[in-house]
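Before I ask anything, here is the structure I am working with.
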Amino acid sequence: MPYVNIKVTKENGEPTIAQKEELIKGVTELLHNVLGRNRASTVVIIDEIETENYGLGGESIRVKRQMKG
Amino acid sequence: MPYVNIKVTKENGEPTIAQKEELIKGVTELLHNVLGRNRASTVVIIDEIETENYGLGGESIRVKRQMKG
Amino acid sequence: MPYVNIKVTKENGEPTIAQKEELIKGVTELLHNVLGRNRASTVVIIDEIETENYGLGGESIRVKRQMKG
Amino acid sequence: MPYVNIKVTKENGEPTIAQKEELIKGVTELLHNVLGRNRASTVVIIDEIETENYGLGGESIRVKRQMKG
Amino acid sequence: MPYVNIKVTKENGEPTIAQKEELIKGVTELLHNVLGRNRASTVVIIDEIETENYGLGGESIRVKRQMKG
Amino acid sequence: MPYVNIKVTKENGEPTIAQKEELIKGVTELLHNVLGRNRASTVVIIDEIETENYGLGGESIRVKRQMKG
């Protein structure tokens, strides 16, 4: 019955559709295995975030990637 | 004064603009009627989610729709 | 299938358990009526927020209530 | 680098502290394994929800549990 | 270490990339100055919301803007 | 008009009521200064998270604090 929201940056074509299915399945199994919660009503929502909209340590991931480049 | 967030899959051109206005109005009225909260400061934010990003029961709605098709 | 999160201040013993049931039922019906979405998998989560933790217009509801008092 | 929010009902003393550590570790590993994301900056926040505040299918989990009892 | 989510309407090309960097930096500094929290692990995620998906006072910002126009 | 949610661990009696007022005021001013958004309808909600419910790098802040102690 739990609800899970995953926010992850969208980078180089990832997460792909296959990776998102793996995340949905993996989180649902984890909650079932650890807490015994019902898989059927477990909701997982994935938000793909542009790197310019995800900040860490006071700057966006977009800026961090450019400085590494 | 309440804040409401609605996450709904985007399917077959829905929710339309008109449906979203109905949701905003309907939720605001409901909170006013049940709790007497001020309509003017009630915030409703709608997130439209791709079917591949919404998981239920360990798989995405995208996969569920394909299996029915 | 939608997911709804309602954040509402906790004031004078409200929302009561009965009011919360009304909100859950009302939002689920609204989404069914407007969008035709499946009631059975609609999730509604209510967060009750202390007035000191809910800000509007640059000050908390706690401060707003005191100034009116 | 991802952010994950887990909302789960609080029932019969669960989730325990040990279960919550397992969830935090498990989700962080999953995101690393599937997407190769950096474990060090992965944030996982768990919200424990009272059964009267979690609605599914138009009624709260509190009511669902009572009807089974 | 805090996590901050900002939801803001997308209007007339704003927020720009430069404005979003300012928001990320500003919120991170604020949390450091007020609470002494570690800047390095502060996460800020910005969601840009279409005006038709942001409701205030029972109608969308899209409708509000049209009535002013 | 923006909506902001701040999630911060609850540690050693902080954030205090005064600190929370500062956060609400500071974020509202920041959004006004950077984006010119209306202060009156800016909503800021603060969630105080137990250290055992906030994970970073695969373990809870609770565990991190104990290892430093």
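The chains carry the letters A, B, C, D, E and F, assigned in the order they are written, with residues numbered from 1 in each.
Here, contacts are C-beta pairs under 8 Å (C-beta built on N, C-alpha and C of every residue); 3 or more make two chains touch, one makes a residue touch a chain.
For each chain, UniProt lists the protein as follows: A, B, C, D, E, F = Tautomerase.
Every value quoted in this text rests on a predicted model; they were computed, and no experiment measured them.
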item	value
Degree value of the rotation bringing chain B onto chain D, based on Cα positions, nearest 5	180
Chain of greatest Cα-centre distance to chain E	D
Listed chain pair B-F, A-C or C-D that repeats interface D-F [over half of contact pairs the same by residue number]	C-D
Whole-Å gap between the CA centroids of chain A and chain E	20
Chain B: positions in contact with at least two other chains	3, 7, 23, 27, 41, 43, 45, 47, 54, 56
Interchain pairs in contact, sorted by label	A-B, A-C, A-D, A-E, B-C, B-E, B-F, C-D, C-F, D-E, D-F, E-F
For the chain D and chain E complex, residues of the former touching the latter	3, 41, 43, 45
Contact footprint of chain C on chain B as seen in their complex	1-9, 14-15, 19, 22-23, 26-27, 30-31, 34-35, 37, 41, 54, 56, 61
Of chain E, residues touching chain A in the complex	17, 20-21, 23-25, 27-29, 39-48
Chain E to chain B touching residues, read off their complex	7, 47, 49, 52-60, 62-63
